[in-house]
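My questions all concern the structure below.
Labels run A, B, C and D following the written order; every chain starts at residue 1.
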Amino acid sequence: MSLLQDLIPNLRQSGWRTSALGRRLFGPGERDILELCRMMMDSDGEYSSLVLAERIFDAYGELDDEKRLAFFHALNDEFDLDIEGLQSLAGEYANEPTPDRFRALGAAAEPRRQELFRRLNLAPGGTRRLVRMREDLLELVRAHPMLRRVDIDFRHLFASWFNRGFLVMQPVDWTTPAHILEKIIAYEAVHEIRSWEELRRRLEPSDRYCFAFFHPAMEDEPLVFVEVALTDHMPARIDEILDREREELDPDEASCAVFYSISNCHRGLAGVSFGNFLIKQVATRLKQSFPELRSFVTISPAPGFRRWLSSTEEDAARALPDGNTDADDLLPLAARYYLEAKSPSGEPLDPVARFHLRNGAELARLNAGADLSDKGREQSLGLMVNYVYDLARVEENHENYMKHHKVVCSSAVRKLLPT
Amino acid sequence: MSLLQDLIPNLRQSGWRTSALGRRLFGPGERDILELCRMMMDSDGEYSSLVLAERIFDAYGELDDEKRLAFFHALNDEFDLDIEGLQSLAGEYANEPTPDRFRALGAAAEPRRQELFRRLNLAPGGTRRLVRMREDLLELVRAHPMLRRVDIDFRHLFASWFNRGFLVMQPVDWTTPAHILEKIIAYEAVHEIRSWEELRRRLEPSDRYCFAFFHPAMEDEPLVFVEVALTDHMPARIDEILDREREELDPDEASCAVFYSISNCHRGLAGVSFGNFLIKQVATRLKQSFPELRSFVTISPAPGFRRWLSSTEEDAARALPDGNTDADDLLPLAARYYLEAKSPSGEPLDPVARFHLRNGAELARLNAGADLSDKGREQSLGLMVNYVYDLARVEENHENYMKHHKVVCSSAVRKLLPT
Amino acid sequence: MSLLQDLIPNLRQSGWRTSALGRRLFGPGERDILELCRMMMDSDGEYSSLVLAERIFDAYGELDDEKRLAFFHALNDEFDLDIEGLQSLAGEYANEPTPDRFRALGAAAEPRRQELFRRLNLAPGGTRRLVRMREDLLELVRAHPMLRRVDIDFRHLFASWFNRGFLVMQPVDWTTPAHILEKIIAYEAVHEIRSWEELRRRLEPSDRYCFAFFHPAMEDEPLVFVEVALTDHMPARIDEILDREREELDPDEASCAVFYSISNCHRGLAGVSFGNFLIKQVATRLKQSFPELRSFVTISPAPGFRRWLSSTEEDAARALPDGNTDADDLLPLAARYYLEAKSPSGEPLDPVARFHLRNGAELARLNAGADLSDKGREQSLGLMVNYVYDLARVEENHENYMKHHKVVCSSAVRKLLPT
Amino acid sequence: MSLLQDLIPNLRQSGWRTSALGRRLFGPGERDILELCRMMMDSDGEYSSLVLAERIFDAYGELDDEKRLAFFHALNDEFDLDIEGLQSLAGEYANEPTPDRFRALGAAAEPRRQELFRRLNLAPGGTRRLVRMREDLLELVRAHPMLRRVDIDFRHLFASWFNRGFLVMQPVDWTTPAHILEKIIAYEAVHEIRSWEELRRRLEPSDRYCFAFFHPAMEDEPLVFVEVALTDHMPARIDEILDREREELDPDEASCAVFYSISNCHRGLAGVSFGNFLIKQVATRLKQSFPELRSFVTISPAPGFRRWLSSTEEDAARALPDGNTDADDLLPLAARYYLEAKSPSGEPLDPVARFHLRNGAELARLNAGADLSDKGREQSLGLMVNYVYDLARVEENHENYMKHHKVVCSSAVRKLLPT
């Protein structure tokens, strides 16, 4: 496909492994991963770089836990920026801001591991392998917070490579290639898909749709996907959507599009923004196909509800052991969770709420007993939430939320708050 | 196509221009381009950003020469980095390198105009418009060298956006869409294409090929393209290729592929590397289609030859007024130009030579009286050069050139050097 | 692309030309085209057939006028049906209609040239070459009416191969491959396109569109194409559309789509129906893109007007020498041409009228002085016609026209008739 | 997609059902299928035809066994050809073969049901539905042999619609759309695929391939597909291929491509030829990808072996109850089956043998105990056969087989014949 990926097979086939260059690169015996990294950083040639990138990824795959941690520590320290050099150049630039000093300063301000990652990225599948590397790192960062310096560079580079402007939305349906579909099965994070048959039930009926977002940086890998059900009303329970015995609806008669599952596919891309209009985009596409649609809503989980309740309202949490709880007891607590519990930055505590509010949604209804699965009871005492996307107000809502963290909320929800 | 480009029409159609947000963004009357830039930098919302980016590009298009220069000066100064802040943060980091300080330092080391360009880039066609903006800037930099600071940021961001890993090679032929073909006509920089008929003569015959390199950052815009003629020998004059009366060759009987024209399409991408294996890539593709091909060569211009000659060998330059010059006089001088005249970095002076040597080529033959066009006589006294790509040695040559600036050269050329 | 087309190169490359089979097929020296046809009909093998089909097409291309006529006469006579055999089998079948007799009867009723054409059709580009062969035949049929028997078989097979169900409509615009665009230039039959620049003026502006119909039987070859201008009124003169100085219209503000040129591309497909809803199809597509469009009209030539006038109204024809004629004189005659002049089958004399009426159009307005080009004056004394497609009535109009040849006509036209 | 398929939804949406035309077509209450067929044959309009075709297919789907038989009998008799008219026109033509008489004769020689089928074919999915209709018919023909007249017309039309020249070969792999893959699962006729996991084992490994043949007459429906295993030897037992524990082979090291399963997908297309070079085509494609491949072989079933044995060699059949039979006993009988047992036309009795021999294969080896599945024991006493495709001799073999039914056979097989 891409140019560089074409070159690697050439590398393998050609007889030059036995040349001076080849012998140096493929060398005798094993080489330590850090030694390979240093060789790659010293290399001037594009070919050497490519070959070494391959070898480094292979070596990384062989590392055990301990060595992997050591590798990240080396990235953190040995491949950090040269702070003394930076200070000296900053002094010079402050003195007289010439273009040459500006360029030198910019180079000095960049940790060496950024260039390392950039060179690794040119290997076939390099981006994917770096995303997985960051997944490993994120696991380690909790116990080793200093490693966050490496993570900051990962995130900085990913934000640049996954240039939002190239993001593309594609429908996923029963005519989608199987190797994409198996990823939908694997990555579904909200309501598990257990088999190809279950997948088909979410894709093939004429009142079921799915849209995924792709990026050329990782083609064939969905980044985010949204599952949609067309209905004639806003659902109060997830079973209304997932029930196998439900009757199919003629999509031309549907008035409501329900976004019932939204999954981020790659933990290694955590914190990399794909923009705040994904749902609006899907809604707009659906509206083109089905002009009769009048409302665009979600039926969403409340993943942080029980945790919050336990931490702040111990008694209530103990008294509300599962999803069969009386709505009269549960909903006022839920309203407080959504409207009063805030993160340090002033946003709602609930991560799903933050996602939809940034996307311009409004908080429309809280539903008790809405998700009686084990996970639903455990995380949220059965609570589910309807967010509404009013296409005429999405932009205004988004801007207001981004600026003031203003949560647009129905009066029905507001009334639930204890007065 | 892309998500963000879909949003803009929505912006235009929806009635929200009259909303509070709309009124603020589209405001009454004209706004100064710098005022718009400041508004965009202060904006939190994605929508505001998009709308303002559009307005800024429109305003930029209206600037006259004087105002354009003022705009770049403002980018250079007002949107520069905060050097005092950077020094202070560098001091803290040197003291204790915490992740938070690391992040703050990284942010401070980045001039504000980088974020400005990133936001502009999200507008429809943003990349293309920024590339053109840099073209304007490059014209001004000569007379205003301080503006090179802005240029350094352009180049830094372009290098990141035009991620080499996504570069794709596509054949260009008579079945290529017309809007691409008209760009081939427009961008041909070596041997001008004067009409659609002339274009067809370079694309349609079975012994003529063209390959272009594309990148998703600017789809529908070739970045570099290479024109190829299949022949039965290495040509000594460009007329052998371009002659309208030539006889077409059965491509299965061709032994030689001649790269007779290589054009970079966008001055605004000057200095952004697309890697060093473009020609190898084209050669490999050709070899797959025509296994009988034995040699891969160029017939290349010598654009800096006369200038060098005039500057160093005044007498010779005066004595060699045009392309009819006797080869015996010209070629020894040419050999010195290629083998002895070096840039400060130690590379050959000739830019075309640098391109091919980086790509792994070898200097094979110098040809007098090879380009008798006005341009050919004027730039190079009719001289043209054959570089040879030996597919088995391209990697080794590239690595040696990148490391030691070693020029691989035929003995025929070497013998021309005065002893 | 297709399987059989893949086999031919194999044929050429493999060494089997020297095998017994190869020697027989490629034989020594020239062979007469009829001899080759007989060999192909006697052949049992698929390979022999393919090879011989190629040789027959090559031989056909070499025929001079006289030999070509002789070839068609041989097709007409030697490769006709065996009428005596047919009579005998019909008698048996009348006696007892067994399946075996049914099959034998069906085979006997088919002239041998049908099988000949079917085998020729398997050669690469076979369909295209047969279509061109029929073009030649149609020229000869006038002087040699008996040859129409051959033509009937051509038409029968083409109707089957160009199965209407596979017809596909594609937009043609400035992003269309050049080898298709050059056919648009070549095949434009109504208002000539003189250059690539003129083509661009018909394709690139946002108020200009073109749609072509393709069929897999002859991919890369448009069969019919329609050029469309978006306007704010129904034009009375072709210059309103073709004027180079006209102002471009924002397509979202257009109320009217004008089909100003409709070209059949292949004379060799004369009489092969592509169905009667081509224009409705284009109109429906445009309506989806531009919901504001309110009317769908043509500005059409009247190719048979002067001929009819000369034949029936000699005086009038003499008195109306060109397109500057006073409308008061011309239009009543035109109204009679459209409403009263009928072919033997009871349809209007004018072929363009027949096309649009079958497609469900209504005759809306006659325009004098509407086409002042040489061709326009010569064929139609400057007359042009607006047909209107009322999307809600197209089906009803079509059915009524097909059944009763009923011409739906505006009262304005009807009033022009002399009372 | 296609034009006509676009029209049907228009039909449904538009308000014209209440028009005079609409009322006539959709009429009050149910209509008998034959009545609808007569209406369609009498209709002049394209729209009526389309609407009625839809209604006829719907009505056909509702028929019970008895009514379906009655429907086919009506097709056979009422929609047959008019033999008296044919005889009369044949007499006239014999008298003087004018083009008009020729045309009339051709029309009369065609049973009316051909036009009926052609009109039905224009409905969306018409071809697929007609193919299924013929499947029903083929079941009935055994008990009602006179219905074969209808079948002859089906086959005649299908042969024309499934124009061999449009057949396209496509690889099927794990990136193929799921709705195609599920058909591979459904249509696999030789070695059943029980799950998506088993499908993946046949598609994803780098030593496993699958190619399907498609035709635009029934897009998204494979017509024939071939499963291939790359190996380092010619397998003697099917388990060598299907074993789940086998080790994957590096395809660049494979010397042998084994066609281990070839499935025709549609019984309703029985007798419609897709040409005789399908396997050669697949082999050629594989050879391009893997130039190291030296031999192209099958491991094929012997579906008629036990039946033949029971009918001709009762004692032997009784003595050879299953696949564990001693090869010394079985193989001489098998050799007689392949080399001596002939159909009335002089071809081998075994249908799989006929397919491969027509395709140009050679009979290479007989393997006892090669398929120990229930089906393998039951049909063929465990026997499997290797056919070999020698790419240099395929054409010659094909031609010789088609002309003389000559079976090319290895000496190993020939020696098995009892002398």
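By definition in this document, a contact is a pair of C-beta atoms (placed from the backbone, for glycine too) under 8 Å apart; a residue touches a chain by one contact, two chains touch by 3 or more.
Please read these numbers as outputs of a predicted model, since none were measured by experiment.
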Any chance you could name the chains that touch chain A and chain D both? none
For the pair chain B and chain D, the C-alpha centroid-to-centroid distance in angstrom is 55
Hey, how far is the Cα centre of chain B from the one of chain C, in Å? 48
Measure off the straight-line distance from the CA centroid of chain A to the CA centroid of chain B, and report it in whole Å. 35
Among all residues of chain A, which ones touch two or more of the remaining chains? none
Thinking of each chain as a vertex joined to the chains it touches, would you call that graph a line, ring, star, complete, or other? ring
Footprint of chain D on chain C - complex, ascending: 1-7, 10-11, 14-16, 19-21, 44-48, 80-81, 83-84, 86-87, 90-91, 93-94, 97-99, 102-103, 105-106, 109-110, 121-122, 126-127, 145-146, 148-149, 151-152, 156, 160-161, 163-169, 213, 216-217, 275-278, 280-281, 284, 392, 395-396, 398-399, 402-403
Give the list of chain B residues in touch with chain C in this complex. 174-179, 181, 196, 200, 220
